[in-house]
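Here's the structure, in structure tokens; my notes come after.
Naming follows writing order (A, B, C and D), and every chain is counted from residue 1.
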Amino acid sequence: MFETDDRRLARWEQRAEWPLTALAVVFLLVYGWQVLDNRATSGLHQVLEVVLWLVWLVFAVDYAVRLKLAVDKRKFLLTHWFDLLAVLLPMVRQLRVLRLISVLKVLNRRIAGNFRQRVGVYAAGITLLVGVCASLAVLDAERNHPDATITTFGDAAWWTLTTISTVGYGDRYPLTWEGRLVAALLMIGGIALLGVITGTIASWLVERMSGVEDSVADAEQATLAELRLVRAELAELREELRATKT
Amino acid sequence: MFETDDRRLARWEQRAEWPLTALAVVFLLVYGWQVLDNRATSGLHQVLEVVLWLVWLVFAVDYAVRLKLAVDKRKFLLTHWFDLLAVLLPMVRQLRVLRLISVLKVLNRRIAGNFRQRVGVYAAGITLLVGVCASLAVLDAERNHPDATITTFGDAAWWTLTTISTVGYGDRYPLTWEGRLVAALLMIGGIALLGVITGTIASWLVERMSGVEDSVADAEQATLAELRLVRAELAELREELRATKT
Amino acid sequence: MFETDDRRLARWEQRAEWPLTALAVVFLLVYGWQVLDNRATSGLHQVLEVVLWLVWLVFAVDYAVRLKLAVDKRKFLLTHWFDLLAVLLPMVRQLRVLRLISVLKVLNRRIAGNFRQRVGVYAAGITLLVGVCASLAVLDAERNHPDATITTFGDAAWWTLTTISTVGYGDRYPLTWEGRLVAALLMIGGIALLGVITGTIASWLVERMSGVEDSVADAEQATLAELRLVRAELAELREELRATKT
Amino acid sequence: MFETDDRRLARWEQRAEWPLTALAVVFLLVYGWQVLDNRATSGLHQVLEVVLWLVWLVFAVDYAVRLKLAVDKRKFLLTHWFDLLAVLLPMVRQLRVLRLISVLKVLNRRIAGNFRQRVGVYAAGITLLVGVCASLAVLDAERNHPDATITTFGDAAWWTLTTISTVGYGDRYPLTWEGRLVAALLMIGGIALLGVITGTIASWLVERMSGVEDSVADAEQATLAELRLVRAELAELREELRATKT
């Protein structure tokens, strides 16, 4: 069984859950600080950068440990290709912004665990989180472009809002390809989120239908049990009749 | 029981329902007058402003009374945090526009009460109401900005329409941050409305499914009752047979 | 009964159906000719205008006849308020474009009758029809505005497409208030169409559920009938037993 | 029977499936090469063009063979009108871009066959494919227009993304009518895809409901069988009683 073989992996994942969540929050705060603090000296800037890379390193180590603990390594690689990409791609300097993906994955798992049953709260929470990350990332990517229309966090938040609601006035939009990558992830993420919500509603309907099925099955079971009692009674009656005959 | 303990709260809410609805309509009319009447003397303007603040005060008093009447005050604060925000935030002069939120909440309850069963009418009514409020609010926020593209009520209504339908041509959009706050609330409100409608349809489907469940349960009940009659008949037959034997 | 009392109304509606559909098609063709034929002499233009007003007059007469034939006139006015508006509003010269609403209502009924069961075909057909009408109407409204961005039918069709898909690039948009009225109706119509499709799917699901309910009821009926046969058999057996005893 | 008569057609379609898929991939690669390789000599360009026309010719021949093999030719023409259009329209030089439609149809069938049950993967795959095709096609159509805003593949991909997500900033949009045709197909395709996904979820729900129906029917069948056994037992009992009597 998968559950038996990968017990060590599961144990690791359970233990690593809280530390990783904490690290994800740290990453988000430090990243936000780095992006928003214009007056930071280049020294402070570099310190923060080091912290971010350290957090990323922990995420990479977590992936490596999980791969090592997995019994069927090929299967692990296939089912966790997205995790691998989210760890490897940010090594390219231009794709630094993708480090946020790992952070979002970890935080998403926590929010999902707490609120999946309340679809509305879950959707609101994860949307807010994605929105904040996208605003920070697009600001980071855009603000040094000479013709940039997104130069403050307010601009970035406004752009995120018009994009995620698909209104798209076109008063602000990314010009750099890193910014466009953020936009692409934001749009795809929005669609994926919608898919999650639709799927949750659909599976909830199906669960209710299984309830109908079960209640029908239960009622039928009771009827069948009753019928069998009747048949047994009949058989006994016949026995008695035979006894009378002789 | 919650229902027993909070009987006084419920009685207050029932009694306050009509007066609050009337006040909400008054607020909307006075606010509309204030925003649309360009030629109003500054004196009239201030009279209208006083009326608006008085209505807001009544809403605040209503919240305070409800909090006082609630038995479990902590629970009331937690479940009514949105009401508290809607009452407190407008005290900041810049966030005056948020006074409309309380108004919308009161009017929404009334529309929902009357039309929830007819989803289409409810959605149309609340969308119209939100649209009018958003148009007034964005006009109020934008028209004094030097580069404003929204300077008449016609512009504001057109902007609201292109935003709520997510078309977003980008010929008009808010520039002030108050205007963008209105835009954010409009976009979030539109998504929430969609959620309400989807939820209503889903819960209607589930209700129908419960109907199936109930009808199955009823039919099974009839079958079981019939079966028990058969078993009783059999038992009596056996008794008679025994009587014959002796 | 409504069906008995309003038999004359129903008969009229049935008889008027084909002629009205034909007139609607004529209106659409003549309107399209008038809008698209730039080189038409002012004389021809006026002839076409007369034809359009005549068709509108027939629609108005149809409404009057239906009102006269209705037994409960107040109820007819209430349930057909939209028809009345669609007939009265175009009398204002500026709202001429609303004549297309009556045309769309008549043609929609025909398409719905043929294709409601095939949701996809119905949606495609009515969307195409609405799109052509909106393109003609917006071109009619916009092309004489000095800063108009919609001046050819190609522009108008492209604008309709970007609007109905809610993409809204903002390269073309209406400037006149008649054009914006067309845009508003197009956006609302698009949402309404989506509602019709969602509703059709939901009601189809409910129908299937009723099928489950019916099949369960049938099966239960068979079981109950069988059980009653068993009980009758038992009763007869008892009778025979009694006959034996004596 | 249709299945018996059109056995030869079905056999042809089965045999042609893999070669056509391979040709579709070849077409896509060659088309991409032709569009993206700016430095290609006009000689190479013409070679690639010849390859594209040859692939198109094979698609046309496939249609002709299928029409010839079909028993009821009129029915085949009616049910495959879209295939005919997709083969004939590209003959007009201006509509060359429509050759991609046939390619998409063939590849879609393959993706659908493999992933229809996993709606998410199917939707992602076909969206990616449509997106790449639309980007290539719009770049092909636009880049020679003097005022074009879409002049590189990056621009085209960005435009495709903002269009398919209906954000539509309006920073880039097609100006040529070939480009607008691509945009129209992209928008319609996006809506159609949404329809496919909604339909798949709905039909999955209905399937589950049929499951309920079947399980109910099975349970009822078991009850009925049991009841018939009871009745048989009773009949036998009566027989025995009669034997006792005599």
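The criterion applied here is as follows: contacts are C-beta pairs under 8 Å (C-beta built on N, C-alpha and C of every residue); 3 or more make two chains touch, one makes a residue touch a chain.
These numbers come from a predicted model, not from an experiment.
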- request: Averaging each chain's C-alpha atoms to get its centre, pick out the one most distant from chain B.
  value: D
- line: Per the C-alpha fit, the turn needed to bring chain A onto chain D (nearest 5 degrees) is 90
Message: Suppose each chain is reduced to the average of its Cα coordinates; what separation in Å results between chain C and chain D?
response: 30
Field: Separation of chain A from chain C, taking each centre as the mean of its C-alpha atoms, in whole Å
entry: 42
- prompt: Counting only residues that touch at least 2 other chains, which ones in chain A make the list?
  reply: 162, 166-170, 205, 209, 212, 216, 220, 223, 227, 230, 234, 237, 241, 244
Query: How is the touch graph of the chains shaped: line, ring, star, complete or other?
result: complete
Statement: So, in the complex, the side of chain C touching chain A is made of residues 166-170, 216, 223
Task: Would you pull the chain A residues touching chain B in the complex into a rising list?
output: 120, 154, 158, 161-162, 165-171, 201, 204-205, 208-209, 211-212, 215-216, 219-220, 222-223, 226-227, 229-230, 233-234, 236-237, 240-241, 244
- request: Flag every residue of chain A that touches chain D in the complex, lowest number first.
  value: 162-163, 166-170, 173, 177, 180, 183-184, 187, 190-191, 195, 198, 202, 205-206, 209-210, 212-213, 216-217, 220, 223-224, 227-228, 230-231, 234-235, 237-238, 241-242, 244-245
